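The following pair of complexes shares a single chain, subunit A, combined with subunit B in the former and subunit C in the latter.
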Partner chain A sequence: MSKAIKQNLADSKKMSAELFCLTYGAMVTEMLKDYEDPKDVTIQLDKMGFNMGTRLADDFLAKNANVPRCVDTRQIADVLCRNAIPCYLGISATASSWTSGDREFTITLEANPLTELVQVPAHLVSAGLSYSQLIAGAIRGALEAVHFKVYASATDTGANTEIRIRFDQVLKDSLPAGEDD
Partner chain B sequence: MSNHIQHLFIINRAGSLIYSWEARTETPEVEKTYEWPIDVHLEEVDQKAVVVFGEKDGIKLRYYVKSVNGETVSGTRLQLGAQQVNVLEYLQEEDHYPVTVKFAAPTVSTNEKIILSSMFHSLFTIAVQLSPCQKSSGVEVLETTQFKLFCLQSRTGVKFVVITSAASNIAADSLLSKMYELYTDFALKNPFYSIDMPIRAQKFDEAIKTLLERAEKNNGAVTF
Partner chain C sequence: MTIYNVYIFDREGQCLYYDEWFRTKQSGLAPIQEYKLVFGMMLSMKSFVDRLATNDSNQTVNYYKTSAYKMTFLESATSIKIMLNTDPNATGIRDLLHKIYQTWTETANSAAKLELFASNPPNENFLKNRVRDIVMKHPAYV
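== the complex of A and B ==
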């Protein structure tokens, strides 16, 4: 999201969802030309998302001082669905399909703005392209910035996008002083 | 208006200084002509000729020799024509008197700021470890007779430090939060900024300057 200096920095400047969708779409199609294998495009989208996520985490925390430090995956899911995703994508999200002792869960984005105007060709999907993997990468990067290691993968299904998140571990070595128990 | 905010520091997750700002203040200088023998005790400290005893006439402890008879002193080296002499030895020779010496108050060099930042990083960690209570944060406020230090550590481990005058009752929490927001806006959202590297961005400097001007007017309570 671009931002201009204005009187109230706390209010994020809104941008057109269509412009965002078109920009992302142009980027993905350009990457599909650059890489021969759609799997490679998915990997790059995840990498780009990760880099965005490590920076967005601080942006989110700077503007939401009341978000508590998460001590549970359910809490992580709650913050993502109630605060983070509505803040940056302007849509609601829900967590479901908890498995493996609450280590795995699915975040469902209803009306993903990235895919609103997009019909991904079936042969690209079957060849390994995950169109919304950037969002999954951003979640992975943001959680790593606050010292949680997770794996995330995105699947687009109709108007929805499902992001499967698997919690791996707390990154104890990088926890700042005062942030551990 | 008086300057309440004296220093700002941003320290990265590993304890390295990535940004610093300080208020513009005149560094006090004192010039005096001496007869033999000089009544100020000088020693070499950190490669400078420093006053270690004999405070008087505005010349205080830790002041260092800046020039002798109008000739600039570099460290402890005094340039005399084509020759360089040790200023401490020069002032021990009666033949050189009367002599005019200029002293200057100490300033903090960039290197010293870097060292002090990593010291504070360790001090912050020690405070957590030595806490008699569980789940303690690190140092948030540090007070002395001459200044107050306030620190905000982000969840990601970046520390924002502001140093104010002791008399200041500035709302440091608000100021530090705004500093954090400016950091996310002008450093992290710059795609050419590498995280944890020193911040060299003119837009960030300007934003900080604006923030500080508002903070001084509103006693730190910055609501844009």
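== the complex of A and C ==
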């Protein structure tokens, strides 16, 4: 890649929400044609989100130097809702519905930019398409990058998008092969 | 005061970036070997320090210092490790490390593939220019 292009990429920090929404919609439509089963599309969206998330984690940490190291899921939810989601989606989010001893919670996005101009056909939803799974995947990826293994799934409920997050475990850094500590 | 050299490692211990400024004496090792040793030392130091910890608080290793130089560590929550060798009396190095981290993420995230950095020689030109810029502007440089 030439230097000029890279410079451009590095500088393009903001983009129009509408353009983003339309491109995303076009992409999902295209994927629905490519994969016959909407469930596969959800899986792919989740993977794409995951890959984005692993990079966003670094970006987020670089920009927010004073975010504390999280020690419990309440704190994770707090950072997600107060710092991360507003930073990348430009909207506010709330965490609620804590269950199984604080291991599971729901993040509600009130004005999800992805679904702003979108109506997902009901038959696709019932066939397993989760339109906003990309966001859930990104959260999963970002948390995995900071050593929290979680499961995340997104559901669009009318105006809101709900992301259910289940905390699994704290990951340990593996040592390079053949070396003991 | 002087800034000698900098290493950036990913979570697997691969050296993503290396650069040096006033390093007049080389270690006499192949670069790859040297990166491995530096990374290994950091890991050992961390596990050693964890074993000897007197309580369960999440401690970090910040630097080690000899009469000739100081090696400052920065480990991000994502396990990106940055090490910088400076004059033992240099100040404001943590901020500098954070700036290098910022630059690295910006550049790495704008590269089409993060692997670009891993598979190519770590001294990627664009990143190099930016890191050099930051380091040379730092008061501890020269």
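One rule holds for everything that comes next: the second predicted complex is superposed on the first by the 159 of 181 C-alpha atoms of A that agree within 3 Å, B and C clash if a C-alpha of one lies under 4 Å from a C-alpha of the other, contacts with A are read in each partner's own complex, and residues count from 1 in each chain.
Note that in this section a residue touches a chain if its C-beta (ideal position, glycine included) is under 8 Å from a C-beta of that chain, and two chains touch if they have at least 3 such contacts.
Just so it is clear, the model here is predicted, and its values are computed rather than measured.
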{"item": "Touched partner set for A:65, first subunit B, second subunit C, both or neither", "value": "both"}
{"item": "First, second, both or neither for A:173, with subunit B first and subunit C second", "value": "second"}
{"item": "Which superposed partner A:146 touches (first subunit B, second subunit C, both, neither)", "value": "both"}
{"item": "Intersection of the subunit A residues that touch subunit B with those that touch subunit C", "value": "3, 6-7, 9-10, 54-55, 57-59, 61-63, 65, 69, 145-146, 175-176, 179, 181"}
{"item": "Parts of subunit B lying in touch with subunit A, wherever the complex brings them together", "value": "13, 124-125, 127-129, 134-138, 153-158, 177-178, 180-185, 188-189, 195, 207, 224"}
{"item": "Complex interface listing, subunit A residues touching subunit B", "value": "3, 5-10, 54-55, 57-59, 61-63, 65, 69, 145-146, 174-179, 181"}
{"item": "Residues of subunit A that touch subunit C when the two form their complex", "value": "1, 3, 6-7, 9-10, 54-59, 61-63, 65, 69, 71, 145-147, 173, 175-176, 179, 181"}
{"item": "Subunit C - residues contacting subunit A, complex", "value": "11-13, 39-40, 43-44, 47, 58, 76-80, 98, 101-102, 104-112, 114, 125-126"}
